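Below is a structure I'd like to ask you about.
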Amino acid sequence: MVSRARLISVIGAGRAEPEVLQAARQCGRLLARAGFGVVCGGLGGVMSAAAQGCAEEGGLTLGILPGSDPAQANPYIQVVVPTGMGQARNLLVVMAGLGALAISGGAGTLSEIGHALKMGRPVVGLGSWEIEGVTPAATPEEAVGLLLARLPA
Amino acid sequence: MVSRARLISVIGAGRAEPEVLQAARQCGRLLARAGFGVVCGGLGGVMSAAAQGCAEEGGLTLGILPGSDPAQANPYIQVVVPTGMGQARNLLVVMAGLGALAISGGAGTLSEIGHALKMGRPVVGLGSWEIEGVTPAATPEEAVGLLLARLPA
Amino acid sequence: MVSRARLISVIGAGRAEPEVLQAARQCGRLLARAGFGVVCGGLGGVMSAAAQGCAEEGGLTLGILPGSDPAQANPYIQVVVPTGMGQARNLLVVMAGLGALAISGGAGTLSEIGHALKMGRPVVGLGSWEIEGVTPAATPEEAVGLLLARLPA
Amino acid sequence: MVSRARLISVIGAGRAEPEVLQAARQCGRLLARAGFGVVCGGLGGVMSAAAQGCAEEGGLTLGILPGSDPAQANPYIQVVVPTGMGQARNLLVVMAGLGALAISGGAGTLSEIGHALKMGRPVVGLGSWEIEGVTPAATPEEAVGLLLARLPA
């Protein structure tokens, strides 16, 4: 028996404003301190910042890439899963996590929110889509707190 | 050279109220009369009703199933693509259409809207998610009209 | 109720010698005459030739593309399913058919043979991989005959 | 920057004879001692044995499941990627590794060999399919040695 990584999906855009990136990095740090790893889409922006924060605190980082070239992963990803499946990898990103943290984000993030809700995963949004099923949070601390409180026991 | 089918993605829930199903069937009819086929998730509810309406008017119906058993397709599907990929087939449903018509629908439909918007497909909603990027319509006639008007030339 | 298309998967390389292409086209013709459509990977070579033969005889042609651009389909495909999933579409090509006809082919075809055998689909090879589970045939006539005889009732 | 896991795909059947499982476990151990982790399909048989051996020697184990339930992973998997994509996950298993080690195995393994060869990954077989492109080995030591020697620099 080995210790199984407990992961949270952090979803958000590949490009974002500095304050959004700062929030994502802080979310990654908080998740790692709480004993969780981060799974994300493996590219830049929110994905990179969250992975960076998580890795800084010793958390495991898993990146599930849309392309087939592992070199596209950001430098904070420890375990790379290239897929060559394009957007279909969005589903895998949310399936690999116990719950999803949406940070800002556009249409790709919206598809991930839809997939997560369909699977019954808790979803917390930080400056993200304000739609039914997504619990809004105002700060990284609140976002991580709300999400972890809603995880299945 | 053969004539290539021009398809519209009709997305919506596998179970729905009678008036929603009636609207879906009418959308299918209108699409077929305008020379389009319907691609959908191949199962029941909105998917079946839209396929039924389309087939009634001689339009082509394509069903992309989440499971691997073609027998799960509703009886109005002419061309069945089983996938065994579960929710990942949602992406394929919207990718195979020139635009998407969302009729009512829940989280699965939301994931499809997200994928469609990410791909730049026009999306019209009929009693569906009221979010940025989705053009709302009040009737099947308006929905089909708005969508066809927004298709790339 | 509509009439459901009965499809045979024709798998093979995107580039092939003239005699291989001629055989693929003949297989497409024979399948259409027997009342079957052709599902293939939608690109060139064996895929295009088989679709051409099938379309010449009025059979339905379904192309499941690795990319997301429907314009990549060869001109003999009536129904295009772009996937953006790269090689993962290989599985879909064999899943959409009642059985698989492998014509020449390299590593991609090998992956499709593996998937088809795993699903219990009959597989006939025409100048293709000579491995356990693949019934070899010497001519298009023999190949189509052997495959159709092995389809589930 | 974090240290990126270097993974080898170990592919083989979910059920196997004791001597095959022993060989798989030994391969896992040897890979871990050489500094590599193991990515596999996450289930039982060869997948479980290889993960066990790898974990015993402190190597990282990644399991990419066909189903959507992470609880289906064998107890030696540290990082679980459920996919809900069925056989389509076979492609991901080989894509996540630098090379593939095929141990015994049936049709599913054959599909993985095909995908690996298509991607240009080195493939070594231990009591597996004897086909063009697969380098045969007689022992776990030889198999791991041959595979590591063929990895891209």
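By letter and in written order, the chains are A, B, C and D; residue numbering begins at 1 in each of them.
Following the convention adopted for this analysis, contacts are C-beta pairs under 8 Å (C-beta built on N, C-alpha and C of every residue); 3 or more make two chains touch, one makes a residue touch a chain.
What you see is a predicted model, and the numbers here were worked out from it, not measured in a lab.
Participant: Between A-D and A-C, which chain pair is linked by the larger number of C-beta contacts?
Facilitator: Answer to which pair has more contacts is A-D.
Participant: How many angstrom lie between the centres of chain A and chain D, each centre taken as the mean Cα position?
Facilitator: 27
Participant: Would you kindly tell me how far, in whole Å, the mean C-alpha position of chain C lies from that of chain A?
Facilitator: The mean C-alpha positions of chain A and chain C differ by 40 Å.
Participant: Note the residues in chain A that touch 2 or more other chains, in rising order.
Facilitator: 68, 83-88, 91, 119
Participant: Draw the chains as dots and join the ones that touch; what shape do you get: line, ring, star, complete or other?
Facilitator: Its topology is that of a complete graph.
Participant: Give every residue of chain D touching chain C within the complex, in rising order.
Facilitator: Touch residues, chain D against chain C: 85-88, 90-91, 106-115, 117-119, 129, 131, 133.
Participant: Please give the residue numbers of chain A that touch chain D in the complex, ascending.
Facilitator: So the residues of chain A touching chain D come out as 1-5, 7, 55, 60-62, 64, 68, 73, 75-84, 91-92, 95-96, 119.
Participant: Spell out the residues on chain C that touch chain A in their complex, using ranges where they run on.
Facilitator: Spelled out, the residues of chain C in touch with chain A are 68, 83-88.
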